[in-house]
Amino acid sequence: MDILNSGFINFIEVVGLISFSISGVMAALDKKLDIFGIFIIAFITAMGGGTLRDILIGDLPVNWMVNTQNSVIVLVAAIVAVLFQKSIFSFQKLLFIFDSLGLGLFTVVGIEKGIAFGFDTGICIVLGTITGCFGGVIRDISINNIPMIFQKEIYATVCIGGGILYFLLKPYIGIAMLDIIIILAIFLVRIWVVRYNISLPDMYKRES
Amino acid sequence: MDILNSGFINFIEVVGLISFSISGVMAALDKKLDIFGIFIIAFITAMGGGTLRDILIGDLPVNWMVNTQNSVIVLVAAIVAVLFQKSIFSFQKLLFIFDSLGLGLFTVVGIEKGIAFGFDTGICIVLGTITGCFGGVIRDISINNIPMIFQKEIYATVCIGGGILYFLLKPYIGIAMLDIIIILAIFLVRIWVVRYNISLPDMYKRES
Amino acid sequence: MDILNSGFINFIEVVGLISFSISGVMAALDKKLDIFGIFIIAFITAMGGGTLRDILIGDLPVNWMVNTQNSVIVLVAAIVAVLFQKSIFSFQKLLFIFDSLGLGLFTVVGIEKGIAFGFDTGICIVLGTITGCFGGVIRDISINNIPMIFQKEIYATVCIGGGILYFLLKPYIGIAMLDIIIILAIFLVRIWVVRYNISLPDMYKRES
């Protein structure tokens, strides 16, 4: 996991945390939460996936209690987002790019934590998906929405696809290059999917 | 816990997982979730109770990460339920029988895990109830419903009653026979309660 | 943490558990839950904060599984509250005082558990706030409300303020006196805030 300590990965982690935090702030503003609620929802969105992952695998205390630097990034991003809330909407495209980069990285981090703990391939992909997607799930449940990714599945499907690709390529490619390929693959597929508004075929036979 | 490895118990575990998974699929279809959301809710319904139990007692990583075979059963049941969703409704009675058997078994599994960890009788009954009932609770919270068992308490009350009976009979009966008696007692009482539409006396004095 | 075993602190813990339990009963009655749902929500309200704290720091099994005496207090308080539900409303003021004392104590308990585990100051304050406030958060999410403290932040802000004061005074005051000062500070500020209906300045610039 050499690459995970490199400048490139650190940069992606920071932009991912910032975009997840801001997406939490925007959801909280939408529900008219107060300033404490806004910060909590920003924190849950950015940290919730990794926290749930660490609880399920028993890697406790959860990471953000030991390494507090990510919490500071999330908090600062949330404060900036609250102060400049009128301007956030002008940066939607940039935030979407950040968010997609973060999704890719968090998925890879979750997968590699699963590998380090010796879990089966399928569980590692589940852990990647939880790390990437379940901050948003816990955010949505906390503010009384049905989780968005249960209704527009492409977000999670891209993670799962990225996870499968990871294990298909793993025997042939070094870990540093593999990380970059998977992050970029998730990033590009998500942008492509959203741009062309692709969704899976409808499952509801009762309506047909 | 010899009996828990026997063919009879394995059979009940499989039918329990299948019925819990299908009940998750039906709740998810009702909320018009997409295919990813449907699988997650099926999984939460079948595994959520045991997962919460294992987190609370600190038996981590949670079991389904280590023994993945139950996850496969849940996933296959969910796929079949989605494919044949029109037909599910014809099998409601059979599913109800499966579900009641599963409730009995999961309660016994939770109780005996509590005993193995050395907890007090009361906590063991709580663990049995969590294992049997809280998959449905987490399912309902995740799809933005008030948990059904908080409103129609018979489901949980049957678990608690089964747990009390377990400890009353424990000094007199061997573990294998005890398991079967408790599973059948929970199974039969639940079917009897639903058939005759029995509920506890109303608690709401303010309306009276 | 000598003081935490003293009669004064034991008294506050009991009144805190009672008031948290009763606030759970009242929220559950409001949602027309049945008797099982009422007891679960009372338990979640009183124990949820400490349970989440212990899961996050990995101090498992959670405390209420090992020391069952607090669970009995919560259960008895809930039974009494259900039996005398018409009269509860006459004791609102007393319950509010109990609740504020409980908030102060639980915050201090959370902070000192964080210190005992060697966490940073900021994390200790977070743990105090979780212990004091997140029982109510989990209660609200469970009964399908947006958590109250995300909308009226003063409750949590008082905890955070109490936590900061704790660490400011810690170098100068003995632990027993410090505990009493922080509990009373949180207690008094909360009563003052509610009495004069103080809230933080509005964060919503979009509406202005």
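To keep things simple, chains are lettered A, B and C as they appear, and every chain counts its residues starting from 1.
One rule holds for everything that comes next: contacts are C-beta pairs under 8 Å (C-beta built on N, C-alpha and C of every residue); 3 or more make two chains touch, one makes a residue touch a chain.
Computed from a predicted model, the values in this text were never measured in an experiment.
Interface of chain A with chain C: the two copies contact each other largely through different residue positions, with under half of all numbers used appearing on both sides.
For the copy pair chain A and chain B, the superposing rotation over Cα atoms measures out at 120 degrees to the nearest 5.
For this pair, chain A with chain C, the centres built from the Cα atoms lie 31 Å apart. For chain A, the set of residues touching two or more other chains reads 55, 58, 60, 141, 144.
The touching residues of chain A, counted against chain C in their complex, run 28-29, 31-38, 40-41, 51, 55, 58, 60-62, 65-66, 68, 71, 82, 85-86, 141-144. Residues 55-58, 60, 117, 119-120, 122-123, 137, 141, 144-147, 149-153, 156-157, 199-200, 203-206 of chain C are the ones touching chain A in the complex.
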